[in-house]
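Look for chain A in each of the two complexes below; its partner is chain B in the first and chain C in the second.
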Partner chain A sequence: MKTFNIDSREHYRNKVFPSPFHERQAALNENREWSRWYDYLSVPAYTCSTMEYFAGRNTCGVFDLTPMTKHRITGPDALTFLNRLVTRDMTKVKPGRVGYSVWCDDRGQVIDDGTVFHLHEGDYRLCSQEHQIDWLLINARGFDVSVVEDTHDVAALALQGPTSCAVLKKMNLPEVESITPFGLKHFDFEGTQLTVSRTGYTGDLGYELWIDPDHAGVLWDRLFEAGELHGIQPMGSEALELLRIEAGFILAGEDFAPAMHTVRHRNTRSPFELGLGWLVDFDKPVFNGRRALLREKAEGSRYALVKLDIEDNKPAEHAYVYDTRGRNIGWVTSAMWSPSAKKNIALATVETPHGETGEKMKVEIYYQRELKWHRKMADAVVVRDAFWDPPRRRATPPADF
Partner chain B sequence: MKKHDAIVIGAGHNGITNAAFLAKAGMDVLLVEKNEWIGGAAVSRNLHEDWIYSNCSYVCSLLRPEIYRALDLARYGLQVVPYGGSVTMTEDGDYLASYTDEDASRRELMRHSPRDADATHRFERDIMRQCRFIRQFLLRTAPDPTSFKPRDLMELLHIGREFWALGEETIYDTMRFYTMSIAEFLDEYFEHPLIKASHCGSGIIGSAMGVMSPGTAYVLLHHAMGDVDGSAGAWGFARGGMGAITQAMHGCFADHGGTTLTGSGVAQILVKNGQVSGVALDNGDEHHADIVVSNMTLPRTFLECMDPRDLRPEFLEKCRNFKIRGSSGKLNIALEGMPKFTALKGNRELMKADMHLIDSVERLERAYDDWKDGTWSRDPYIDMLIPSLTDPTMAPPGKHFMSVFVQYVPPKIRGRDWTDADRDGFRDTVLGQIEDYAPGFRDLIAHVEVRTPRELENEVGLTEGNIFQGELTMDQLLFNRPIPGYAQYRGPVKGLWMCGSSNHPGGGVMAAPGANAAREILADRRKPNTVPEGWLDD
Partner chain C sequence: MTEHVVIIGAGHNGLSCAAYLARGGMRVTVLEAAGQVGGAALTREFAPGYRVSAGAHLLYALDEGLRRELALDRYGLRMAADSLYTIALDPDGQFVSVANGALGGPGAAAADQEAMALYHRQMNRFADIVWGLKDQLPPRLGTTGRKDLFALGKLGLRIRRLGKNDMREFLRIAGINLYDVLQERFESELLKGALSLDGTLGTFLGPRSNNSVFCALHRFNQGRGYAIPAGGMGTVSVALDAAARAAGAKIRTGARVAGIDMEGDRVRGVTLEDGEQIAADLVVSNADPKTTFERLLGLRHVEAGFADRVHHLRTRGCVAKLHLALDDIPQFCGLDGEQRGQRLVVAPDLQYVEHAFNPAKYGEHSARPVMEISIPTVHDDTLAPAGKHVLSANVQWAPYDLKGGWDGAKDAFLDTCLDVLEEYAPGIRGLVSASELLTPADLEAEFGMTGGHWHHVELSLDSFFMLRPVPGSAQYAAPVNGLYLCGAGSHPGGGVMGCAGRNAARAVLAGAA
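Right, the complex of A and B next:
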């Protein structure tokens, strides 16, 4: 089943569509506020984004992932196709494993980032922030591979937080606790197949659940029944945004401008400039952007994406970043007060050679008190690790809480 | 007789803009116009009962916002209101729509081709890269590449720097854009014939080239580089019709002490001892000034309104060779009610949109074949709007004004002049075409104004009926527009200036040639500059 029909010209009567979880979401959406995520209605916050954030760090939260752009890649050449598409070595992502990836244009500039799920031997799902079918089909020419966008054929939920494994166990998914980080398993569920991957966008223990849209409602119901005694909460996009910044995960369109959408060519970024050099494998003889990235590696990058630990408690959203002599060297792309790390944190883009771990910087913060604007030049330091990275994220089997 | 500081010939949008900037600098300016009314091709006229037509140009996007602001056109009554979307209807009763809502537009593309829906991002990015490059030269005078004057060298350097700043990929693309056909260019992005056809129109409007002719990719850019309130590529209606633009410009001109004479055209631009001395009008009156600015087309100015003995033969030969070929016509229709397009099934949003009746690139190319044969297209390209659905001033409530731009329409019918019978035949072709898509349409018609290149030349003064005052091809752009060596708005005779769309940066209701020419004149006369520079788009 498709989640909605765009084959009819009448689609214009609705500018946005309900997700397959909509009825359940609407019943819980006490704020009665909806946002748009491409084709779907999405919930910014059901009740209170702070409480939903803490569910993700303390119990578990459920987020509707259905609007995420999804593709299915199958056929004898699926692996070689993917290996030329992305910068990392996909031969290492075995069946039942998931690989975070970036893909570039010929200039070595990042088109998008996303996750590749090796569902079965030679059968992959690629999830991306932006629409990618044009680029994927350009790349598929000459390969014996089938590439389709199936966003509307798959319903998906993220279940994130320390009690998430306990909830799945309660749902009687056999050996779900044996899934290691970036692993996945398929389960028989209510007469269909449920795929569970140990992945997420929160930097904590968590899973993502994939099912056909016809079974979306029953999945939601079973999940919430199982989670009742484990503090399960629906989670909106505002809470997820806080969770991903704490985890140090970047977001296309926010922390970098995707190359296919960028008019001013200097505003695109390479994987190195996004701190994703570890995803570039030059041992592969051919992949998109290889030549440009080799040159960049030899000659140096223009920018660095850094994690900043900023003094004081005033969130540094949209702030300029300066070196210690007061020269403007960059800007903040995402910022928040981290309730879990108890730090004032930010992701920022700075010009190289700035951006070394431990480097001191200044951040120009504008903040408001009872409508009056204030400005603070706050001290900041570049840190290497994610602001939130608990051991439970990696423990297998995970604890119940 | 009183001597003016300057005489501007032709009260179209460029002429009035030029006159207004000169008047704002304190000059005593006389504006002369052959018609009883002002506006040129940006005009609103009442020809039937309570209907107002935008008789020639019909939508607004290219009008430079810097000029809008500098002439304070809002204060003089101009309002530009964006309209929503576009739709391309097919013969089999389907359509491809573009909506004001980005997601709905994407889904509409997906309905025809999911891949093309995504490719649209790449397409729009590449178009916008080129538009940003071109836009910054709109309110600048093109340099003379053969001159060694510091100013020309600086300007050449500026172009070079900006070109280099485009980045490797876009530099290559730029050369391709100026030389490719729109059909070839679209093939690099899209697979679906209807999606390609829907983008093709912008590549040929106003041009006597086919969708498969080299150079038409640039014409698409020319239509995409405008904006409404910073919304790039958007188009809008001037409230009250396109005449509202020239009326507001004229309000500014008059407010700064300008004088306007209508109802008698210029018979000849007077030259004494190698210097212009004024103009002689058709009614026998003479008016004098040391500066004469022509907003007429290049051929009309030099081949019709000047004594050839005052000009060099080589220059005259280049004026004769200037490519200014008529390719379009227009029907302005008063409707007693709302037409019903079968394909739209009551979609009100698309009734307000820009409507086209075309299926494929090939069908468009065949329409051009008829032009080459010296006749109007039997299956023409139509760009059609119902402004009265957006603008309540255009028609009585419940009744409608429909603007129908038609291409291709040749300046001559197989080498001979148009006759009234030809004009009626052309009208029936177009009305029949619309009737095919909207049965019962002809029964709604209360009045039709038909404009072939003959009417456009005789009434508006557009040579051969070319709406851009000259083809927008590489050989006639930037420092080659209108002809090499004369791209700085300066005519071949002392005191003679050119401010029409024959000059850089070309046609469309942009007002940039008029403004740029005023800046040059003021600099030449050491007057304070009143003409704005272009806003930075960094």
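Right, the complex of A and C next:
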């Protein structure tokens, strides 16, 4: 059963829909708070975002991914279509593999980032942060390809954390432990197909589970049964936000302004300016933004996205960034105290040529103590690696925790 | 080694480009799908013994510099008539003539004489701004390149130099519709009707559509009037062909390009319909932009934003071409012998013209069309058997995408055309021994221009100069390494002019330098 039928004349009466997991979520949602994530209700925090965060790092957390925008791309030209769309070389993403990428407009400015799942030979799922169907259909002209948005036809859960593999093994998914990072496998499950990919937004061991909405409830139940002794917890979007910042992952609309929603051209970013130059493959003869990006590579970028390690423990949210001589060179886009790294961390945009690893900067932090405002010019240093990147994220098979 | 350039299409612009490239030292091969050169600038038989300029029939835009530089006269270009003026036909013989800003004929209103002189003076000054751009490489926007800024500055300066009053008038009317401007200035309905045709001919616009003033300016040629080449419009192309060959270009007819070949991110050559592959360092396309990118290259080879702009190019042709073989010279009401050789216009008033346009919006042809008529045999007896005549007319509006298709509708439309002609030249039906009506669909089939469009791509302010055909290929170079455009779809647009071909050659030579 679909969540809702877009063809129904009544669909406009409802703007926001319960996800196929809604009943299960509602039963556990002690806060009784809901937020909106595009067409769906989403849970910010079931009980306490900090506890849910720790589940993600110490046991495992379950996050409802259904609202994520999903597309199915099939047809003889599916691969060439994707290769023109995204910046990286999709021929390297074989069936059973997943590729993270960004896609740009002709100016080489990032429209969105997302993951492409090569489900079967020539059959792809593209997940995006923003709604993309218009742009995808524009891109499809001249290709023998079918592109449909199937957000409402696929229920999805993220299962993230060190015990996640143990939970899936307990669900009797044969050889689930053999899935390597960015791999996927299909399983028979309760008379339907369950797809498990070793992907996620937390920088840790974790999986994403994809199933038809009719089987959403039973998937949730079986997962929580299997996870009972493995510390499984439902996880809300606030916890996920903390996990992704620690992992150093960027978020459209937060760490960069998606090109399609940006009126002032200067405010968009290229992949190079987001630290994603490794995703740009100029060996491909054509992809959106290639000509502009070649120019940028030759002439230099305007901005750099950096990870900052900041002194003290006051989160540097929305802070200005200065060079050591006190000149304003940028601003923080995401920040938090990282319990796992035990560091005060941030993602920031700075003007080039700033942003070299090891460069010292200052961050202007405003914080409140019992309503009284304080200001602090904190020392910060640019670091290269993600703040949280445990070996278990990559180990195959994952150890039992 | 000298670079090998393949030019797709031997339209007059392809030939002009070939001549300049060959003179610039390039090795040039022109591949033309049709059996002869010229594209829509050609003369051909349409009935046994009767020949006609089957596309363009009146010459008003041919670049004089190009004519001299390529020594076209040495290669046979000669005018059978020039300085032809416009006569607005009237069924009662009360016609009005407009010759270089002066009104004549029994229908001319005294009150309009002065207004016409002023209109003529101003439109010519304004048109100078448009024409002044025609042999300029359009600047790129948003760069700080000196050439780009200089070109933009020059445009600004040209406008500034009009002086306060004319500049204000130019800025006021350049983007608006001709209907309003004509209503402000003139009394005579007939005169207004005829002048309004200049703003709409060849475009998907009525007199009340914005942009029609701009289109009228695009046709204003400093009062030089219209010319008819001896032997028809094909003579221009034949002369260009000879000039290009003399400069060393190879020109092959009957060679239809099926696709542009790529190697990595560069063009490598072209493949003909019969499978023959021809290698090239550079490919220049005289085919229209839609044909070039959608069919010959494939949108997959360009980035999606650019592909989207190409997809949305407006290419709905709306002019049909009517050819009549006549046993005798038709008697147009009130006209004497010399007058019948002028540019004759059926556009009796503004409402009539606007009403002729309206149905086109909904995929229907005019119930009572407007016409631009020429009887070239008045000046050139080589086109028809002795004593016989040929009538050639551009007829509007006949939309390319006629509801229900043209197949069943052509005969009726031909009949409509003859009915209208009969009103202005009683008895003409009886003189017709053969006829041919080319709808935009026929023009597309014969000349390969998408939609049968006169300008390849609608001519309007949003697709002119640095915006033509679309941003990203307005400097003749396509956003594909080694590929260029050189046809009417590029700046400065359609009409037998030759400038797009020459400018493209300059861009190619500058790029290769």
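Just so we're on the same page, the second predicted complex is superposed on the first by the 394 of 401 C-alpha atoms of A that agree within 3 Å, B and C clash if a C-alpha of one lies under 4 Å from a C-alpha of the other, contacts with A are read in each partner's own complex, and residues count from 1 in each chain.
As a convention for this text, a contact is a pair of C-beta atoms (placed from the backbone, for glycine too) under 8 Å apart; a residue touches a chain by one contact, two chains touch by 3 or more.
Since we're looking at a predicted model, the values are computed, not measured.
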Inquiry  = Just to be sure I read the superposition right, which of the two partners does A:Asp153 touch: chain B = first, chain C = second, or both, or neither?
reply    = neither
Request  = Check whether A:Arg84 is in contact with chain B, with chain C, with both or with neither, and answer first, second, both or neither.
outcome  = second
Inquiry  = Residues of chain A touched by chain B versus by chain C: which partner has the larger set?
reply    = B
Key: chain B and chain C footprints on chain A, overlapping residues   = 107, 135
Footprint of chain A on chain C - complex, ascending = 262, 264-265, 294, 298-308, 311, 472, 479
Request  = Could you pull out which chain A residues touch chain C in their complex?
outcome  = 77, 80-81, 84-85, 105-107, 135, 138-139, 141-143, 285-291
Task = Would you pull the chain A residues touching chain B in the complex into a rising list?
result = 6-9, 11-12, 15-16, 36, 38-39, 107, 130-135, 137, 149, 260-266
Sites on chain B touched by chain A in the complex = 94-95, 97, 99, 101, 103-104, 106-108, 110-111, 114-119, 121-122, 125, 128-129, 132, 166-170, 345, 347, 349
